[in-house]
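Order as written gives the chain letters A, B, C and D; numbering starts at 1 within each chain.
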Amino acid sequence: MQRIAVLTSGGDSPGMNAAIRAVVRKAIYHGLEVIGIQRGFSGFVEADMGPMNLGSVADIIHRGGTILRTARSEEFKTPEGRAKAYANVQRFGIQGLVVIGGDGSFKGADMFNNEYNLPVVGVPGTIDNDITGTEYSIGFDTAINTVVEAINKIRDTATSHERTFILEVMGRESGYIALMAGLAGGAESILIPELRHSMDEVCEKLIRGYKRGKLHSIIIVAEGAASGLDVGKQIREKTGLETKVTILGHLQRGGTPTAFDRILASRMGAKAVEMLMEGFRKHMVGMLEDKIVAGALDTAFNGKRPINMEIYNLANILSI
Amino acid sequence: MQRIAVLTSGGDSPGMNAAIRAVVRKAIYHGLEVIGIQRGFSGFVEADMGPMNLGSVADIIHRGGTILRTARSEEFKTPEGRAKAYANVQRFGIQGLVVIGGDGSFKGADMFNNEYNLPVVGVPGTIDNDITGTEYSIGFDTAINTVVEAINKIRDTATSHERTFILEVMGRESGYIALMAGLAGGAESILIPELRHSMDEVCEKLIRGYKRGKLHSIIIVAEGAASGLDVGKQIREKTGLETKVTILGHLQRGGTPTAFDRILASRMGAKAVEMLMEGFRKHMVGMLEDKIVAGALDTAFNGKRPINMEIYNLANILSI
Amino acid sequence: MQRIAVLTSGGDSPGMNAAIRAVVRKAIYHGLEVIGIQRGFSGFVEADMGPMNLGSVADIIHRGGTILRTARSEEFKTPEGRAKAYANVQRFGIQGLVVIGGDGSFKGADMFNNEYNLPVVGVPGTIDNDITGTEYSIGFDTAINTVVEAINKIRDTATSHERTFILEVMGRESGYIALMAGLAGGAESILIPELRHSMDEVCEKLIRGYKRGKLHSIIIVAEGAASGLDVGKQIREKTGLETKVTILGHLQRGGTPTAFDRILASRMGAKAVEMLMEGFRKHMVGMLEDKIVAGALDTAFNGKRPINMEIYNLANILSI
Amino acid sequence: MQRIAVLTSGGDSPGMNAAIRAVVRKAIYHGLEVIGIQRGFSGFVEADMGPMNLGSVADIIHRGGTILRTARSEEFKTPEGRAKAYANVQRFGIQGLVVIGGDGSFKGADMFNNEYNLPVVGVPGTIDNDITGTEYSIGFDTAINTVVEAINKIRDTATSHERTFILEVMGRESGYIALMAGLAGGAESILIPELRHSMDEVCEKLIRGYKRGKLHSIIIVAEGAASGLDVGKQIREKTGLETKVTILGHLQRGGTPTAFDRILASRMGAKAVEMLMEGFRKHMVGMLEDKIVAGALDTAFNGKRPINMEIYNLANILSI
């Protein structure tokens, strides 16, 4: 193997740059050449790509977003689009591809491998942490710290006013961000799509807390479970308590990556290069039991990652 | 003068604790006693108050919110409510009152002074910075830094995706937060209630930027000017650009106060005590031309603070 | 088991409060009573302790330090001191003890158990992450994020000036903070006590980098490996490059705990209570392979945790 | 005037990039061309310079350091060096120069103007805030916020341990950083070069505080007043209290600029361009009484800025 390519795809996440840096430097260290593909599969189809060197990834480890940018490509979903991409594989002499992104991006890479047999390795990068086959994806730790900081700030004003605050967070169909940030932030209730929730129980817990002297209550709502605005309205109607709703939105995708995400991204990016060199052809990097491991690429999109009930129950116990 | 009282009223803002600390310590330094009133005018009416000492305000300078809490009091708006409050003034031997809050709170204090002649000094504490008679109110600097951090995070993901981001910020009828945070954040457009804005011009500027190679655009919308969701929808419809909307909400009221807000609060709190000792009876503390000064209390609620057009024009020039 | 006690001992670390909160709330949830012991083993000897309830641990999850405070106790190291402590065990009806701290604290707990047979469970809390038997100790993640933020700031000024910066970090005899923060911060060289280092090689790498166009170099020095000031002086003498030294010091022990540390602390604190209820008598909580597990208490202080050479080598490869 | 140049000189400070951006965009807005000079007067002498456009300053407003870099130039101090620089002025057609830096840089610009009559305008950029003729220099607000964050972190661990912490901060011969950060951080004592201090009084205050129940004490030492290590040693010897010393070092020069510094830098940079266009020839921009004003360039280096005694006394009163 002499030349590999790397792209970032799907929603960006903090730490993607650290992963790109690791892919490039690890590859160069082993004498490989690296092609950087711009704007995900769009650039792959449109030949928007070029060589990267050590300097291309200098001073990027601490930056949010991705220097390769990302986009959603409708064209790559068509056989014609993928044929164009393969023409670029031949033109640029690409012998292996690292795809940094989420399960949708892995699915695209899987299909491309099935058709054209280019070795691909997926590196899980999404704040949602919803990928089966890895306990952590790049960006999740930064995202929950962003949410926890938001909870800290809301707590200040909540205490002063004796109010109920609702915070809607990201995660698409997954409740991981809500659950882990809710536990870390000491939220009173956490609503996630994986579990049915009863607004009556949420309200009873609120009332119980205020009767016991709690000065404020913070409720975290995963976007996949409910709308923060709806939850606020229901609580107001059922309890008469004043509620204020905050919607963090895309804030959660940005920011300087945490140490954890930088280390994870560095290790995963380097592992992806090793895997290509060792002949892996349709695989993903994962972190399982605190180790960086190789897994089958389709693990990521076959089956849904279940929520950790032990953590959920712990969050409930600690917020009594 | 031997005994004064202090309360925080209206929306809380970061630095109110630093102001309380300054009132208490400055007063004790001069041999005065201090009564802390809980939950603003509510506690004033309900006699929810008690003596404060040096230790009461230890380790609070860095905390957001207010240890005295705040609330809105319907009762204080009635003559009966204010009569109860005056009974407490007599019962607790209060000879002067420091009110930390916004123009609404100052109005309440003004009315109380008119009726019962208790010397009152207002300390401007609101993130909105909409109080006439002071160039800065406590909490504004922290709030715009919170917004600027949000812009930083959104910028990361905006660059990666070539999208347009809309950020709705607080300020009630004032555009100060939007304007100053927009200038500091390098936003492409800033929509404020003080000025009419044309969505066509906003869109033309966006298109012009993208044609010139801009990777992202960030638009700041003051809550008093428009709804962030509406602005996003209009831009999408007029330009076809993908837009993402973030609504910061009450986040902007929280957080550890900045150095600027702590210093401002410390100086203003101390000045309020001096003013009471010097015989001021219906006044407010202000920062004018970088000096802490005494002004008439009704300055705050008579007349509206105009927006600084020099700053607005500068923001426009720098975001070309 | 009806009543347990909890103390924090040794150097404080961010997340200790989250662990205390988890111990108290988990215990109360299961119907146990909790005694909080002040100032570590000092308070244990001097009966400086009292009951804790749900409210005792409200609003502490986000605070650095430890509300139970910590101290080093010479008296507890003597048989007389421990006898006094045991008298307090009897007086307060303590049937189990949770010790949150480092290996030294665990050693004290082990000795006390040997003599008086009180069931003890250790919860690893130290920024140094030097405890055998757990992959992460509470506070480590926060500490490396603090160091990484410092590197970010130094990087700004380093780039502007084309200088070499040396950053001395904590860790006592361990290089874990230096290694992980160095990898995450993209440091050019990392000096740790576990490995011999050659200043000549460090200097050669520096020179090589500058020749290739690197604008700055950052060198992380673990306090156990060398003095930052010495390293700066040597580089200056050997290369003629201007060097600037920063010594972070106790900053690294403080700060709001990260999400990771709060979750780790919550899980470990709860686990400690479970372990006492299940009859564990001289054990520690650990995180191994991403799971919270029980281990023998003496694991912590018999044998030294080796450095992760895979990570060390990766850091070297990525900083070429 | 058709073409101006801009450089940053001396120690870098956060916000310099925002100033460069303002100079470039304001100039282009008015139809001027801008030459960016690299590495301060060094690049001026060595012709290390080139044209800047709108894109040159995109996405830099939030970055610490300076994209034009900075250096100290021995050559510019010689008549020969300045003659070379003037040759570049002619070669590149430079008709006016904006110098962003401290008093030393202004002195160099002043001398150059005396000899070659090139119009120069100085923009005060230094974290030290020691420039006469302006109440705030670019970077000061960010630096004191960095120090205040450090105090926050130290406070956590100080409270847990009942210790005395000493924090040495920058400022060269000025105590401004120490004074303002000390007031904002609630430090017990502040040692600045402008005032003689008695270690006996510092120690008495410490003892008094501990006797009254203070859990911790934090002492800020300006580098121009004393060495933090010495102060720690003296307190230990005089009081027997345990002391821990932290030396922040160049950390204080870095970091994302605060909103205040970005706004100040944007306004000052734009004003400098206006001043050149209006015919000012040897002047500086200043912020006086909250207004951006023009002043004589030699104001900056003739006379020393006195410390604000009102603030110093307030800090003392509030830390009782």
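Here is the rule we go by: a residue touches a chain if its C-beta (ideal position, glycine included) is under 8 Å from a C-beta of that chain, and two chains touch if they have at least 3 such contacts.
Composition by chain, UniProt nomenclature: A, B, C, D = ATP-dependent 6-phosphofructokinase.
In this text the structure is predicted, and so the values were computed from the model without any measurement.
Visitor: In terms of residue numbering, is the interface formed by chain B and chain D classified as same (over half shared) or different (under half shared)?
Guide: same
Visitor: Report the chain whose CA-based centre is farthest from the CA-based centre of chain B.
Guide: Between chain B and the rest, the longest centre separation is with C.
Visitor: For chain C versus chain D, what separation do you get between their C-alpha means, in angstrom?
Guide: 35
Visitor: With centres defined as the mean C-alpha position, give me the chain A-chain C separation in Å.
Guide: Using C-alpha averages as centres, the distance is 28 Å.
Visitor: Measure off the straight-line distance from the CA centroid of chain B to the CA centroid of chain C, and report it in whole Å.
Guide: 39
Visitor: Do you know which chain D residues sit against two or more other chains?
Guide: Residues 152, 155, 159, 215 of chain D touch two or more partner chains.
Visitor: Using the contact definition from the top, classify how the chains connect: line, ring, star, complete or other.
Guide: Its topology is that of a ring.
Visitor: Go ahead and list every pair of chains that touch.
Guide: By the stated definition, chains touch in these pairs: A-B, A-C, B-D, C-D.
Visitor: Within the complex, which stretch of chain B touches chain D?
Guide: Against chain D, the touching part of chain B is residues 21-22, 25-26, 28-29, 54-55, 58-59, 61-62, 135, 141, 144-145, 147-148, 151-152, 155, 159, 180-181, 183-186, 212-215, 256, 258-260, 262-263, 266-267, 270, 288-291, 311, 314, 317-318, 320.
Visitor: Using the touch definition up top, name the residues of chain D that touch chain C in the complex.
Guide: By the definition above, chain D touches chain C via 8, 12, 14, 16, 63-66, 69-71, 146, 150, 152-162, 165, 215, 244-251, 253-255.
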